[in-house]
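In what follows, chain A forms one complex with chain B and a second complex with chain C.
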Partner chain A sequence: MGALLNQRFLTLVVLAAVIAVLPLLFPSSYYFRVASLVWVAALAAIGLNILMGQAGQVSLGHAAFFGIGAYAVAIGPTHLGIPSWAALLIGAVLSAVLAYLVGRPILRLKGHYLAIATLGLGVLVALVISTESGWTGGPDGMPVERLTLFGWRVSGSYTWYWVTGALLLIGTWIALNLDETPTGRAFRALHDSEVAAQVVGVDVARFKLQAFVIAAVYASLAGSALAFMNGFINPDQAGFLHSVELVTIVVLGGLGSVVGSIVGAAVLITLPQALTVFHEYEHLLLGLIIIVSMIFMRNGIVPSLSALLLRRARS
Partner chain B sequence: MTILKGTDLGISFGGVKAVDGVSFSVGSGQILSIIGPNGAGKTTLFNIVSGIYVASRGTIHLADEDVTGLAPHKLAARGLSRTFQNLQIFQRMTACENVMVGRHLREKCNLLPALFRTPSVTRQNRETRAAALDLLAEVGLKDVADVPAGSLPYGACKRLEIARALAAEPRVLLLDEPAAGCNAVETEEIDHLIRQVADRGVAVVLVEHDMKLVMKISDRILVLDRGRPLAEGTPREVRDDPKVLEAYLGQHGAREAARA
Partner chain C sequence: MAEFLQFLISGLTVGAVYALVALGFTLIYNASGVVNFAQGEFVMLGGMVTVFASAAGAPLPLAALIAIVAAVIIGLLLHRLAIEPARGASAVTLIIITIGASILLRGLAAIVFDKQFHKLPAFTGETPIDILGAAVQPQSFWVLGGTAVVVVALYAFLEHTILGKAVLATAANRLAARLVGINTTTIMALAFGGSAAIGAVAGILVTPITLTNYDVGTLLALKGFAAAMLGGMGNPLGAVVGGLLLGLLEAFGAGYLSSTYKDAFAFLVILFVLFAAPQGLFGRRVVERV
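And then the complex of A and B:
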């Protein structure tokens, strides 16, 4: 118990230290921007990992909630005169409500069937966003008003580095909190054996839905943050490829590992930047690296490496 | 006092009557064993009683309340707990966490306090862990409390399932072949454990192939054959029933039963 508490605390301290120290190594504001993109993607992935890694349910349409968060802070202030911060909350609530309503029927499905149903949800939301051009600017996207908090106008890649870093820290803390609670245990139990979870009294449908809603809210907040940061938003953020990217981050980093989602996001966001020197081979190499790392670290980067280190330490 | 009662239960799968007109009842502190050859419908009956299958006919009463067709988690909330013939442990969780999940119904489980880990959540977690460790000690698994359940040997997993089922503090416990694949010493331990549980006032329904164990600890025995009830009575009555002897225990089983 004490050890587990320490492990959680240690993870947060290390993460805070990394966020604090990284800027010392950054030669230009471009690095701040890339790092902020990592923090945002990691936030969304941590949420999705609660659904996929802990509760064992897949979502192939998770960018839908990312898009809802992003478009909420774009549409709210521009078309409806809602303050930016309130639009962010409204986006999160909308995502939660949609996840709840859609989750109730589709979370009865399992495996591939659930994957296709969530895929459908993602496609539907992306379609609405790109066709309702009067509200969303259609395929061209739309500008997002800057976030203003208590008269403080949040802008610039340096500022956003710290804002997204703080968000990630909070998101990590909450995800780690779940671990040693009845809710977290119920998630992991239904992942391993639904029938056994049921007979000890776990309302499986309820907990799947909770995980889905949590994941949706994480994605929505990440989407809002990205929209504010970029000052611009387009339907790609809600699209299928972005959903796949989120799933890739979760699986690459390690299912069920909070730190894994952060590492996965770091790899998947920074690698393409680093690989640009290879020009047209960039995507080829990215794909190769992902394949090779999945072959040699099939449980994901973080769980595989920590198991390896543990074995080394013992021998 | 009868706590669990099934009346005229039946279910078919594609025209095959897996369970057909089976009735039984068990009282607090009693041990009822259900025996019969493979395919007799024992596990199917368990699945009906625990809410995993919905019976196509018949009723189930738990403490005088009609619970026919209730979902498993609702039956669990009314005091019914079970183990599985094919192990259903939470492989990726530790042994202790497995039992802690068993305490689910005894815990307050609200999402927001969990997400922000309020002091009450931490306190409750400590209590749940202590209760789980006690149960693990009872089944002799305290040493492996923090080992992932997936890496435990088979016999240990069997006992872990019993501990998890007991963690819910059930009024009725269904045990599906708890001694299967266990050696003589382990079977002896399970025998002892089942008696202890029954002595505490829990009604135990047991499906088991180990005739020695069944004859020794059962208060009553129900014999099934191809989904239908064949005989019912005390171990002595069932043992002396020529139909049962010939068809289901066989000569070898009869000899073993006589020795027990």
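And then the complex of A and C:
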């Protein structure tokens, strides 16, 4: 137990150190921006990983909650006069409520049926967002008022680097701790075998729902952060392809690995930026890299690499 | 009545394309357990290769044949280079691999061809045919007829040839199929090739109506997957019915309720169907073994 506590603590310290040291290596504000995008994507992925990696349920519509968080902070201040910080909380609550209401019937489904149901939910939310243009600006998107906290106007890529970095640290801390709570253990039990979990007294339906709600809130907060950071939001953030991107981050990094989600986000966000030098070959290479890494590291980057290191250390 | 008929026929036409995509999904899923998200790219390839082959001077039937062969080769390569090496990986890992493949194929199409929208001439003229007041494009009949031919041919193949029965046996139980001497790797390759051909046919048939570009596959894969789930994953008949139903839902929803929310009706109905029947309309009820 002590070792585990240390390992968790160590993970946090290393992450904090990385966030603190990285700016020393950044030559321009563009790098701060890309890094902030990584932190935001990682935050959403860590939440989704609680649902997918820990509780073993798939969601192919998770960008819906990302979109709800993003549009909450866009619509709240613009149309309803709600302060930005309150809109962020309202977005998170809305996401949680939607996940709770829809989760109950949806999470009874298994495997591919669950995948298509969550996909349907995602499509519906994205469709509402891009159609109700009076509220959301439609397919063109809408501007987002800057976040103001106690008179401090949060703006600029440097500031947002630190804000999103701090958010990621908190999100990581919660996810790491959750893994060691009775709830986290219940998640893993129903991941391994729902029937076995039920037999030993785990309320399967309730814990699945909990994981879904937690994942939704993570995505919503990440969405809000991105909207504030960009000062602009469009329906793509809630769309199917963004859902797929989030799932890819989780699986590429490693199902069930919190660090994996951060690494996955770093790879999948920075890779397209790096590949732009290849111009038209960008998508070709991105697809190729995804295929090759999933073939050779089928458990995800972080679990595969750490297994490799362990084997090296033993021999 | 004319209006109703109009929606009915346009719904069936779109539904036929969804049905073909769903059929491709089902074929691969049954043989290998893989949900192939690159299925829509086969449709895209069918349309795009035909467009460029006929622009290069090939007559339409030859261009269509070239497109089908090209799609089959890509399908076989997908199986050989991406799916086969990852044998034994978890379902979600395999899904990510096919998503990677779909990104790759889209990128490839954007380079080899271009990013413009392209149109094929309708096979037999563009003059609408009047049926009880509804104006129907002749190409709709090509789509419906082509789909019927594919479905019947597939049915005949699966039920009346040894190879087809081997496919069914593999779908029923891969290990048992291997025990009775079926080379399941060949069957899987066959499924990928066949499914690519079906996708390409769908692309060729529908391009005169809907246009095509390198990017059309994503939405089609999504709809095809939805159709397959609506019918019950793994059931070829369910895939066809699911596809037609999805097309009809969209057409009637767009016609009578709201065209901006046409995709919403389809997915709302899917959600409600799954709430009521968690295995789809024709899916086998799975009894969990402990």
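The rule we apply is simple: the second predicted complex is superposed on the first by the 315 of 315 C-alpha atoms of A that agree within 3 Å, B and C clash if a C-alpha of one lies under 4 Å from a C-alpha of the other, contacts with A are read in each partner's own complex, and residues count from 1 in each chain.
What we mean here is this: contacts are C-beta pairs under 8 Å (C-beta built on N, C-alpha and C of every residue); 3 or more make two chains touch, one makes a residue touch a chain.
Keep in mind the model is a prediction, meaning the values are calculated, not measured.
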### Message
Let me test your reading of the model: by the given contact rule, A:210 touches which partner, first (chain B), second (chain C), both or neither?
### Response
first
### Message
Looking at A:9, would you say it contacts chain B, chain C, both, or neither? Reply first, second, both or neither.
### Response
neither
#### Entry: Broader residue contact with chain A after superposition on the shared chain, chain B or chain C
C
### Message
Looking at A:192 after the superposition, I want to know if it touches chain B, chain C, both of them or none. Which is it: first, second, both, neither?
### Response
first
### Task
Figure out whether A:30 sits in contact with chain B (first) or chain C (second), or with both, or with neither.
neither
### Query
Where does A:158 make contact in the superposed view: on chain B (first), on chain C (second), on both, or on neither?
neither
### Query
When the two structures are overlaid on chain A, which partner does A:202 contact: first (chain B), second (chain C), both, or neither?
first
### Task
Classify the contacts of A:178 with the two partner chains as first (chain B alone), second (chain C alone), both, or neither.
first
### Task
Could you pull out which residues of chain A sit against chain B in one structure and against chain C in the other?
195
### Query
Which residues, counting only chain C, touch chain A once they are in their complex?
35, 82, 85-86, 89-93, 96-97, 99-108, 110-111, 218, 222, 225-226, 229, 233, 260-261, 263-264, 267-268, 270-271, 274-275, 278-280, 286, 288, 290
### Summary
Note: in the complex, chain A contacts chain C through residues 52, 58, 105-106, 108-113, 115-117, 119-121, 123-124, 127-128, 131, 195, 240-241, 244, 247-248, 251-252, 255, 280-291, 294-295, 298-299
### chain A to chain B touching residues, read off their complex
1, 174, 177-178, 180-186, 188-189, 191-193, 195-204, 210, 214, 256
#### Entry: Partner chain A, residues of chain B touching it in the complex
50-52, 71-73, 75-77, 80-82, 84, 88-93, 97, 100-102, 104-105, 107-111, 114-117, 121-122, 124-126, 128-129, 164-165, 167-168
